[in-house]
Amino acid sequence: MLYSEKVMDHFSNPRNVGELEDANAVGEVGNAKCGDIMKMYMKIEDDIIKDIRFKTFGCGAAVATSSMATELVKGKTIQEALKVTNKAVVEALEGLPSVKVHCSVLAEEAIKATIADYYKRQGIDPAPIVGHTADCDNCQCHHG
Amino acid sequence: MIYVDHAATTPLKKEVLDKMMPYLTSEFGNPSSIYTSGRKAKIAINEARATLAGILGAKENEVFFTGSGSEADNWAIKGAAKMAKGKHLITSAIEHHAVLHTFDSLRKEGYEVTYLPVDADGLVSPQDLEKAIRPDTGLVSIMAANNEIGVIQPICELALISKEHKVPFHTDAVQAFGNMPVNVDDWGVDMLSISAHKIGGPKGVGALYIRRGTRVANFIHGGAQEFGRRASTENVAGIVGFAHAAKLADEHLDENIQKLTQLRDYYIKKVKETIPYCRLNGHPTKRLPGNANFSFEFIEGESLLLMLDMKGIEASSGSACTSGSLDPSHVLLAIGLAHEIAHGSLRISFGVENTIEQVDIIVRELAQIVQRLRDMSPLYEKVARKQV
Amino acid sequence: MIYVDHAATTPLKKEVLDKMMPYLTSEFGNPSSIYTSGRKAKIAINEARATLAGILGAKENEVFFTGSGSEADNWAIKGAAKMAKGKHLITSAIEHHAVLHTFDSLRKEGYEVTYLPVDADGLVSPQDLEKAIRPDTGLVSIMAANNEIGVIQPICELALISKEHKVPFHTDAVQAFGNMPVNVDDWGVDMLSISAHKIGGPKGVGALYIRRGTRVANFIHGGAQEFGRRASTENVAGIVGFAHAAKLADEHLDENIQKLTQLRDYYIKKVKETIPYCRLNGHPTKRLPGNANFSFEFIEGESLLLMLDMKGIEASSGSACTSGSLDPSHVLLAIGLAHEIAHGSLRISFGVENTIEQVDIIVRELAQIVQRLRDMSPLYEKVARKQV
Amino acid sequence: MLYSEKVMDHFSNPRNVGELEDANAVGEVGNAKCGDIMKMYMKIEDDIIKDIRFKTFGCGAAVATSSMATELVKGKTIQEALKVTNKAVVEALEGLPSVKVHCSVLAEEAIKATIADYYKRQGIDPAPIVGHTADCDNCQCHHG
């Protein structure tokens, strides 16, 4: 199992790590049992993701995908952000070992969950816009 | 670089390589050949076998070289199962995958396997074994020392119970050998697996001890090597290296144990003093001299390893063989750890070349890294808040 | 010393050892470990696998390293038999013991095995295979080139017949690999075994090619090494050495074949000219470039070998693996030799380091020794008397 | 399989090899199928083995045991010679690999067969004196 240089870069210097004091959207996906939790904080203004932070409990790939995902959506509109797929994250990281691809799925779900939270806080039902968001009872531990 | 993952593999000792070199250069004969170069190779293997047998307290014709510790485990377990009268087998919940997955494969072939549990310290209870043995039990296999948490089982007692019931007893001593006294008669075992690369020998050579009279089917069929028990042109250099590594380990056993225990206990004490929310996994004293396995709450092991690696420290999270897998270690779950805590474990396994100064460096770096990972962990957030 | 037993084993090439040395010294990491030294070892194995796959015309995830050629044979045959729908298996009468004894072990487990005969030249007939295949045939295993008489089988044709009947086809290419072009697609085989020590690589490492989609049960269970197909900490140095030896053999294949053929044909011509009552065993041209197997009437092979050895010439009588056994070679019996003639056979297998001058020495010494042994043979007495 | 130095000595310099022109006893045991034939020639006078020769088709151990057996009985009386067991031959050779022990049995049988031939030529039934001599239909090839 070998990580790309890009993964190692984002793991060792994760971008946008930490909490966001004035976040108006927070999402959390994954569960501790599975060994991966991603929590995302966004500050959204005029449908644009002005700022973003994350906290992650997880492996190297989990940290790197979190970091890359935040980079990919930072400054983007909500609509653009919702189009960021796990595949885009994997590509941006120049590949992930196959046993770690689920981390990129988690990253995609973290973005969606955070945006869903934003809509909820606005009193808007996120489901029609964001689609089904991560539900950790469905999360499978034994991907390998 | 500070290498503290000797349970995964060890550096090949210089003196061992020196002994191997003739067999990697001029002495290349096939030990089955009757001419001079073949005979020299044969003699080298005989001597290596005598050395190992001597250390194990075995007879020479009871020691068979294999291509790995895993092969030895597979051979012992499948070979004994095949010759067993009954279809019931017993092992423990914390075996190495070379044992566990071998039993899994036998289950698919119609054998029934009882997995003895372990207590919170990682120990198998002799009473549990006593209770588990049935008239149709064909084999008991319980490891001597665990690769992840280093716990040393009461092999002597367990083997005795097995013997009383006339059930052959195998032990995976891959981690024990070279790190504690291992004698097949003191333990009373019928089969025992060992591997060279865990004790300063080369990778790709192991051995299986089979007590005379124990019924074990062959595993690799073919030529008449190893008394007709294990076919393949012998890895002469590897075998010579294995024996020499075993000899060195045996000659220095007491001093090595003392040194490793000192490093381990110092490390354990320092970690407990320095890093909150940690727990030592495995029995505090009935453990391999070089093994210290801690769980650090709120963080995940792989990240920890990678960050240690960036600081030049090479250690392990659970067993090296399970890396790439996403399940937390079956050993840590078996001793009762919650999944999320099991995920955050770090195994340090010292070797004699490690120093107290290195332990200080490791603990210092480790404390910082654990803090850094906790700071980015959503699980720690809540704890941190409560503390304020 | 004149070493002409390359079919038994070969000297480890200096360049190969040089490539192995880092992994016998500083680069000792366990390839399953995720830290730097582990990753370096992993990369080395990946590169070795890519090299071998490239030479074989295979995909990288179709090549699995093993601890020997014998293990590869055992794995292929037992693994395919286990997954086969039927209980009928086919092999040839002249396989290496690693294949033959593996089939024997399966017979004991209830499989039925057809042993295809060979003609006087040692060739398996495709028609025989066609006839032998039944609806319940689960595997065909026929060696690419024989270790004793060097005969090269029509693998392409044989594999095609097997394929037409949807039966997986395995070939033991341990002797062929490095001595002739070996390409899994050109041959159309589903599995193929090779071994490092026959081509200037180290002892104790082999490989099994398994075509994607071929159903083969695992053989050594345990850790997730080799794509989860073959457990054991990898013999990193051995694997690196194997790949480099294969690369060298591949790069020089044409010139090596030319050189070996020249040595062989010169030797065959000289022996026929010089020594009466001899016969060349195996097909005169469909044979490995370095192999010449002669039977010398009225004398016994072991004595011949020992006397050659006293003159510094190392050669073989039948396969090295069968030495110590008293039965004449099953291969020589299969091509129709009488027992007493089969006993008196000598296999010379040349390597590229041999020279024409050495061939002259060999033939000169051989002629003298054969005469000396005949002079002390009660069998020759009668012939000698008739001659007078 | 390793031969002792003594075996190698007797193999490389076999004693008493060849035929004996004026032999008055000749015995042959073993068979070519098994890969071992030993033929012994003796010149017996006054019940003493004055001279002896052998010819052997066989492995190193067959040659060495023949050579050693001839040495052990040369100059001995018939009675002494009949007491030479295969064990004595093995011991004199400082051991034989277990797969080769049958060669020493053959050597013992060769002595007996030759002495039996001597008695036969004298018109004496050898059976009561020599006992059962080698009968190669009973010889087993698959000792190993």
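Labels A, B, C and D are assigned to the chains in the order they are written; within every chain, residues are numbered from 1.
Heads up, the rule we're going with is that a residue touches a chain if its C-beta (ideal position, glycine included) is under 8 Å from a C-beta of that chain, and two chains touch if they have at least 3 such contacts.
Computed from a predicted model, the values in this text were never measured in an experiment.
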item: Relative to subunit B, chain with the most remote C-alpha centre; value: D
item: Equivalent of A-B within the choices A-C, B-D or C-D, defined by over half of its residue contact pairs recurring; value: C-D
item: Mean-CA-position distance for subunit D and subunit C (Å); value: 39
item: Centre distance in Å when subunit A and subunit C are each reduced to the mean of their C-alpha atoms; value: 55
item: Residues of subunit B touching at least two other chains; value: 34, 302, 306, 323-325
item: Shared interface positions of subunit D, touching two or more other chains; value: 1, 60
item: Subunit C-facing residues of subunit D, complex; value: 1, 8, 11-12, 14, 17-19, 28, 32-39, 55-60, 62-63, 97, 99, 102, 141-144
item: Subunit C-touching residues of subunit B, taken from the complex the two chains share; value: 1, 3, 5, 8-12, 17, 20, 24-25, 28-30, 32-38, 66-71, 73-74, 96-99, 101-102, 104-105, 195, 197, 202-205, 217-225, 231-238, 302, 305-306, 308-309, 314-316, 319-325
item: List of subunit B residues in touch with subunit D within their complex; value: 34, 39, 42-43, 46
item: In the complex, subunit B residues that touch subunit A; value: 298-303, 306-307, 310, 323-328, 338-340, 343, 375-381
item: Residues of subunit D defined as touching subunit B within the complex; value: 1-2, 60
